[in-house]
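Every chain is named by a letter (A, B, C, D, E and F) in the order it is written, and numbering of its residues begins at 1.
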Amino acid sequence: MDNWLPTLMTATPTEGRELAVMLSCMAIRSAQPDATVRDRLRSDYAEDADSLIADSQVVATNFATIAAANEHWRGS
Amino acid sequence: MDNWLPTLMTATPTEGRELAVMLSCMAIRSAQPDATVRDRLRSDYAEDADSLIADSQVVATNFATIAAANEHWRGS
Amino acid sequence: MDNWLPTLMTATPTEGRELAVMLSCMAIRSAQPDATVRDRLRSDYAEDADSLIADSQVVATNFATIAAANEHWRGS
Amino acid sequence: MDNWLPTLMTATPTEGRELAVMLSCMAIRSAQPDATVRDRLRSDYAEDADSLIADSQVVATNFATIAAANEHWRGS
Amino acid sequence: MDNWLPTLMTATPTEGRELAVMLSCMAIRSAQPDATVRDRLRSDYAEDADSLIADSQVVATNFATIAAANEHWRGS
Amino acid sequence: MDNWLPTLMTATPTEGRELAVMLSCMAIRSAQPDATVRDRLRSDYAEDADSLIADSQVVATNFATIAAANEHWRGS
């Protein structure tokens, strides 16, 4: 198995948000491995307010996990 | 990478809510970088009760993360 | 900035629920500042079962945050 | 204010589930105070699979809060 | 009151998942007590991808609560 | 009962994500045991942006539980 997610630790909340976005994309990729289909769907959801909001909910949930992993970067 | 989110710490819950709203907007921006499209979509969702409720769910999830980061501002 | 949310502390779970409802309303207000539009939309969602359920999900998420802030009012 | 929610403490998880269901109903009541409208809507959502699932999501979120309040009834 | 949920403790994560599924079903039962209606609706949602996904979200939320109750079965 | 989920412990976050995806699939399997129906539905949801996003929300919720179980792999 390709160890694509070796750690949840990031240096800053900014990197934590980037990782949360990546995790959201990877979940979609694992449900739909075909890049051409994903690209076609991208133009659907990127022009639909409700889809964009639903996507930002996934990012928010993943970010909560990454923030907890990094103890909310309190020390940094 | 532009370190647009250096910390989750805020002085008050009010600022925490503002940050939660900002995080929600930034997630939409990262999924749809084109400002003209976002503006067009804004008029859709800002006039749709279900979209506004879904958006407030994202803010609530992000606020939970920020509140935990700030130990719920118990000390303040 | 108007410090409209100075604290998450409340005396009782009842007040915590009221604050959770207020937070949900404030999120909608920040996404749609126009009161006339919000009033018009209110009659839509207040007569739609799925909208009311989605709204109660936002209240439940905000209440979880407020309950954690108040250590679930165990002491009270 | 009627202190309708004096505590989140319950003797058993069963009572915790009942309280979670009550909290979900109270949120709908606060968004739609008119009982005749709520009764009319009830027949809509109680015969719709997706509405029932969305409602059970609200109960699950409220139950998580009540379970945490009661330290998951580990002692009981 | 029938104490149908005496505890959240389970011996294994497998039993925890089974309990999470049961909690999800019980929430639907409490919103729609009529078994004939539930059976009719079952054939709707069991053949609808979005309904099945929404249902699995409820199970995931309930499972998170049960896992926390069992300290994630770290000891087992 | 087949103990298909003996533990939530995984060596890495990558394995934790794989387990979260598996849990999401198992929830759908328990709601719809018929593999032919599931395969037919798969082609629906795998070509629908909103369904894929909803699915990734379930994975994110399950991943949060698994990450907490593994103390966010801080030690690894």
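Brief remarks follow.
Throughout what follows, contacts are C-beta pairs under 8 Å (C-beta built on N, C-alpha and C of every residue); 3 or more make two chains touch, one makes a residue touch a chain.
The structure displayed is predicted, hence computed values, not measured ones.
Any chain that touches subunit D and also touches subunit F is listed here: E.
Fitting subunit E to subunit F on Cα positions gives a rotation angle of 60°, stated in steps of 5. In the contact between subunit C and subunit D, the residue numbers used by both copies make up under half of all numbers at that interface. Distances between chain centres, each the mean of the C-alpha atoms, put D farthest from subunit A. Centroid distances built from C-alpha atoms place F farthest away from subunit C. Computed from the mean C-alpha positions, the centre of subunit A lies at a distance of 27 Å from the centre of subunit C. Taking each chain's centre as the mean of its C-alpha atoms, subunit A lies 15 Å from subunit F. For subunit A, the set of residues that touch two or more other chains comprises 45, 48, 50, 54-55, 57, 61, 64, 68.
Taken as a graph of touching chains, this assembly forms a single closed ring in which every chain touches exactly two others. In the cyclic arrangement of chains, the order starting from subunit C and heading towards subunit D is C, D, E, F, A, B. Subunit B makes touch with subunit C in their complex at residues 12-18, 21, 45-50, 52-57, 59-61, 63-64, 67-68, 72-74, 76. Residues of subunit D touching subunit C in their complex: 1-9, 23-24, 26-28, 30-32, 37, 41-42, 44-45, 48, 50-51, 54-55, 57-58, 61-62, 64-65, 68-69.
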